[in-house]
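The following pair of complexes shares a single chain, chain A, combined with chain B in the former and chain C in the latter.
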Partner chain A sequence: MRFIVVRRTKPHQYIKPLIIVLSLLTGMILVAILLVLIGAHPVTTLVTIAYSFITPQVVKDMLLLTMLGCALLISFKGAVWNVGAEGQLYVAIIPIVWITLYAVPWSASSPPHQQVLVILASITVAALFGAAWGAIAGALRAYVGIDEVPVTLIMNYVAYYLVNLLILGPFRGRYVYGYIRTDDLPDAYKLSINIVMQRTGNAFLDGFLEFIRAIVYYAYWVLAAILVALLTWVVFNYTSIGLRIKILGSNPEFLKAVGVDARKTILTALALSGSLVGIASAIYYLGDLTRLTYPIQSQTASYGYLAILVAWLSMLELPLIPLSAYVVSSLRNAGRNMQIFGLGGLESTLILLGSILLTYSTLRFLTEYEVRVVK
Partner chain B sequence: MSLEQYVANSIIELAPVFATFYLVALGHSLFEKAGLLDLAIDGVFFMGSSIAVRAAVASGSPIVGTVVAAIVTMLLGVALAFLMTYLPISHGAIGLSMMFLGYGIGIIVGYPARLEVGSIAMYAYSEGWAIAIMAISIAIGATVHIILKYTKLGAAIRACGENPHAASSLGVNVLLTRLIAGAVGFAIMGAGSSFFTLAWQKFWDPKSYTLGYGWLAFTVALTSGRHPIVLMPISLVFGGLIFYRVRIGVMYGVEKDVANLVPFIAALAAMLICYATKLKKVLAPPASLGKVYYKEERTV
Partner chain C sequence: MSDEYIVLKEISKRFAGGVVALDKVTIDIRMGEVLALLGENGAGKSTLIKILYGVYSADEGSIYINGRRVDVHSPTEAIKYGIVMVSQHPQLIDTLSVVENLALGLRNFNAFTSIRKISSFILEKSREFGVKVDPWEKVWRLTYTQKQLVEILRAMLLKARVILLDEALTYLPLEEKKKFYKFIKEFTAKGGSTVVITHKIPEALDVADRIAVLRRGRLVGIVEGTSARIEDVRRMMFGESAAEITYEKLPASQPGGRVVIETQDLWVTGDFGEDAVRGVDLRVREGEVVGIAGIVGNGQRELTQALMGLRKASRGRILIDGRNVTNRGIHEVREVGVGYIPDSPLALGISIDNSMAENIAALYQRKSALINWSEVYKVASSLIETYRIVIPGADSLIKVLSGGNIMKAVVSKEINYCKKALIAHNPTRALDEVSAAMVRRSIKEKAINNGVAVLLVSEDLDEIYQVSDSIHVMNSGKLYGPFPPDEAERSKVEHLMVI
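And then the complex of A and B:
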């Protein structure tokens, strides 16, 4: 008896969801095993993971990761692997800090329309910065032939240290009580809606109300996530660049054969992807982060890396991005809840991320191939 | 201090840095010479350095740390080589996944050792080992060079990297060859990464995974065309740049983050020079690097 790998003649109906479920289960089981090995209780561990899927903390991460997942989808569809969202995320915050704290700071005498204009300008400039940062890797890949994966990864470090320098230098806050960070974003520019809800004493009802509160608090994010997803859908379904990116991913030779400049397509894919990361970045900064703390590489929540998982787990299907973002957010939440050494769940998150991606990357060949047993 | 003393001190200081970058880049190069794309390098670097610390603290010997790190990463290299050769899967995706997993495993393995002993300095290599470590690294590099250039196994490794299908039709066992390259390459990487914590830094921190030194070793390999001999001066230059960056920064009043930034800018610049000039042909990667090796029917 032997196993053979053969190409599928027709796609399997359930293989994609099956791979996703298997990947998730493997990741969770691996983390649970590791935690059990170092003394955690298996049932507690699994309950913690399960509970993490229904806590209100997932709302924020899910919305942000939906935006970032869409951004990465733009380049991934073209087999252009933008793994530099982490750097693009922080580089895009640079102009926002400058605009909101130095160029157009808010004061009691500021006209009301300044609030809207500054927020819109911040989002626009962040998108441009994200696009420019992404375009550097795009140009190196398209015109020089350097693989975009190491370049985008190395540029993440460049972005970290660049932002650090700005925090230490021109962006260092004046009202920071000795901390090395930027000043807080003025309240007028914050993209969040704070509401107070009375506790009822009923655990179920209070949990539900917490969810409502989180959704209201991040209402602008909901809107932004919908817009970013819509924009991504329009790009892929109604624009020539979207079509070119899709062909670049599936059949780059065909693209060249019909006279399309593949290099421009690569460049555009990375720039577009970076610009959407920039938009997400603006929403993140204006709605939640509100300041940059030194050193940024130790403060980051690694959303840029988590977004890779979101895009891959969605099987590069736009409708699955929010679902994938929800799952990844919940797992991140689980990682935080399962602190092993008081490190903030960093290790659990990384292992979850790595093992899910590893299983997924290994099993993904089953979408095009099948394994048969022959005598 | 006399010039001789200064040079001798510099060599002793730089030896572990050189050994770290050289061996990690050398192992990575050997792996890639067989056509296997290694994007796991940064995670393996951190994981290897953490395992070495844990093993050194547990045994009380840095040599055990290096050996254990080499063995564990060797097993990982075999697993990766197996998956990448046996199944039609993306080398890039597998490598990146392994990178994250390596970070996570590295933290889990390394942290208890730090909690247990605080400082790892007494479990690290003493300064007297510096020259020996450098000499061993050079000897390993020379051996790899001889194997790659003058032996049947070396020819098979190179053939698998250039065209595994043609190699297979000429009688090369592609899987076995890649498994050997994976095992030896990753073992060398593991040993090299152990020198990072046990000989160079003599310090371990969970946040070290954000340093990105694995990517600098990746650049060293790329800019030297994955050639074991050419790797030596380039490892020395990059190692020196990283080792002296803070000292030079302090000398000229430059911020620490500028000094941290310089190696990454240098890495991008080095890549640009290699790819935008005629060096591209000389330093070209193996033709089948990262390409899926699939024959219509495969026994697994």
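And then the complex of A and C:
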């Protein structure tokens, strides 16, 4: 008996989600074995990792990463590699800080509708700023021929420094003695719903209620994530630009031959991608971050970079974005929890991530090939 | 010893969407023979060859070599058994030189063949073939013929005993094709075997010892090459539809007065900086089909690309429907309503990783922000029906189609799209005879019924004569003619092609 590998001629329906879940499990088991080998308790280890998949903490990360993953999908589908979500994220926050603290600050005498208008304006302007930041890289790639990967990457740092300059200068808070950061977002502009829940004493029940609380707290995010995913779906399935981006990714020469301006398509893909990052950015700032702290590069949660992982893990399939967002955020949490529970420091997190990605990259060939047993 | 070298026994292959590509096909390949494998587009020819070459694996059935049952799971294994495939599209690495390409393939088989030996082998063989190839030239600079020769040389270096040619010779210029066929005859005389897939039936009858015909995944029969009659073979291939094959001259158009495609002293630069098109003056009136005959590589590609705005004109003017579109880009040209069947359909004609519907939408819905899918699907199903495209559905990816059906998708979408003009470069390549006849007819009908100005560029002189109202010859970038399409002057045209 031996194994042979043959090219798949009938695609397997569930192979892609299966691969994601399978690599996750393998990675977890590998890390557990490793940690046990260096002396950790096997049960503690597995429980810690497994626990990370069900903590309420995951809800927030997953929602945000779903939005960012969709944003990146828009450019990745066109083989335009926007690795600049991190920069677009922070650049989009700049106008929000200005609007909410300086242009239209909230005061006791403000009319109630101001709240809604400012929030809507913040989201819109953030989308525009994200789009503009993406469009710069788009224009350089389309009209000057500079590869977008280094450009978007470098622009992440440019964005960091721009934000730092603003925090140190005009945006420096008046009420934050001792810290270098912006003033807190006025409560009226916050996009979160806080509910208080009675503890029941039953650990399982409390855990569940905590989950509910997190989902309610992030209700707007759920809505936004659904909207962003829906928008992405509409773009790819019903709009010309979405179709153009897809063809740009599969055969740019044909795109030109039908008379479409491929360069404009590249530019639009990056701008569109950046604008969705901007929307996610507004939700993030208004719902959770609420202020910027100097220096931003050491304060950031690096969602912009994690999003690249999400998009890659999804194999560029929109329906798989939430699943891979969930996996990536759980991993992030597992890393954090392992450190908290003393199961090694950063290195064990990295090993966990590494082994999952390794199994993933290995298993990925199963989308194209199948393994058969022959006698 | 039996002379059956390879036996493919009861091979079946199904693809996604319930497509039965092969249904219990049994064929033997004998030593020292040329076996022609014929069948209409989508019959299963390429699939059968790919199974023997280890690209696909059969769902059922088995392969015997020299009476022993073998499993061929990859091309590497196939090559070990002496089976080498050459396809229509050369599988060479463009940025490497000829020698490097050949050395790469050999690495696994006989590691000690030195680069110097390979290079002198190439020189010797290219002299023998009469097709010049510089061993140190980068592959991207080679012509199609040169590339196909390199593929054949690779097969020889790999010590092939069976060469599979999947439409590999179809697009070679006539003279060079003859040289390749001569090589095949010599190869088989020395005991090698060749399987030839082609849609040119007379050619198959000419060269093949035996002819196997597939239809809708089944073997219809195998006949002797010497005794087979062309009508019988066609009947085996197409059944009733064989009656639709015609090479008779199509009715002439009544061209209007208006000139739709016009060039004035057009000069176009080729890929290597040479003047590929040299001072061409061309006029195509509405409702008229103007044919350009010529051997491949005489500037036809550059001319059609310049007309479409895909390539810069270095001098002169291009007017489409009275509009000056010189160097304005393809967008302006498409705007006028010009259909384009390109010489390289897989690059410029279609995106194989998208569905048929998406490919149609990309062209037809260029200007609307939102895509009207019901419109697109209506067009798609009418094209699928009219052109008998073998496809599971309009939302199937183009890459699952057979070679000829991909071409039908390209051609039908462009013919149906054109309103003012159609620029068609080898519109019937890869098509079986029935489909080719149908495409030629619909091109002519477009001209007669809709007043479309058609520029037909083809290396197939019979095709030019069948469809055109007037004929030019292109040679070394210059345009000769026009000539009337009567056979009396045909020898003059043929002469102009080769001077």
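Just so we're on the same page, the second predicted complex is superposed on the first by the 295 of 375 C-alpha atoms of A that agree within 3 Å, B and C clash if a C-alpha of one lies under 4 Å from a C-alpha of the other, contacts with A are read in each partner's own complex, and residues count from 1 in each chain.
Everything below uses one rule, namely that a contact is a pair of C-beta atoms (placed from the backbone, for glycine too) under 8 Å apart; a residue touches a chain by one contact, two chains touch by 3 or more.
As the structure is a prediction and not an experimental result, all values here were calculated from the model.
Student: Check whether A:Gly201 is in contact with chain B, with chain C, with both or with neither, and answer first, second, both or neither.
Tutor: In the superposed model, A:Gly201 contacts neither chain B nor chain C.
Student: Which partner does A:Ile4 contact after superposing on A: first (chain B), second (chain C), both, neither?
Tutor: The answer is both, since A:Ile4 touches chain B and chain C.
Student: Who does A:Gly178 touch here: chain B (first), chain C (second), both, or neither?
Tutor: Neither: A:Gly178 stays clear of chain B and chain C.
Student: On the superposed three-chain arrangement, identify whether chain B or chain C touches more chain A residues.
Tutor: B
Student: Have a look at where A:Pro112 lands relative to chain B and chain C in the superposition and call it first, second, both or neither.
Tutor: After superposing on A, A:Pro112 lies clear of both chain B and chain C.
Student: In the superposed arrangement, does A:Ser298 touch chain B (first), chain C (second), both or neither?
Tutor: first
Student: Scan A:Ile247 for contacts with chain B and chain C and give back first, second, both or neither.
Tutor: A:Ile247: touches chain C, not chain B.
Student: Of the partners chain B and chain C, which touch A:Val258 in the superposed model: first, second, both, neither?
Tutor: second
Student: Mind sorting out which residues of chain A both chain B and chain C touch, each in its own complex?
Tutor: Shared contact residues on chain A (touching chain B in one complex, chain C in the other): 4-7.
Student: Any idea which chain A residues touch chain C in the complex?
Tutor: Those in contact with chain C are residues 4-7, 9-11, 238-241, 243-244, 246-247, 250-251, 253-261, 372, 374.
Student: Which of the residues in chain A come into contact with chain B in the complex?
Tutor: Checking each residue of chain A against chain B gives 2-7, 34, 38, 81, 83, 140, 144-146, 149-151, 153-158, 160-162, 164-165, 168-169, 295, 297-298, 305, 308, 312, 340-341, 343, 346-355, 357-358, 360-362, 364-365, 368-369, 371.
Student: Please output the residues of chain B touching chain A within their complex, sorted ascending.
Tutor: 39, 42-43, 83, 87-90, 92-94, 96-105, 107-108, 111-112, 115, 206-207, 210, 212, 215, 218-219, 222, 255, 257-258, 260-261, 264-265, 267-268, 271-272, 275-276, 280, 294, 296-300
Student: Looking at the complex, which residues from chain C come into contact with chain A?
Tutor: Within the complex, chain C contacts chain A at residues 13-16, 55-57, 71, 73, 308, 310, 330-331, 333-335, 340, 342, 347-354, 358-359, 361-363, 365-366, 368-371, 373.
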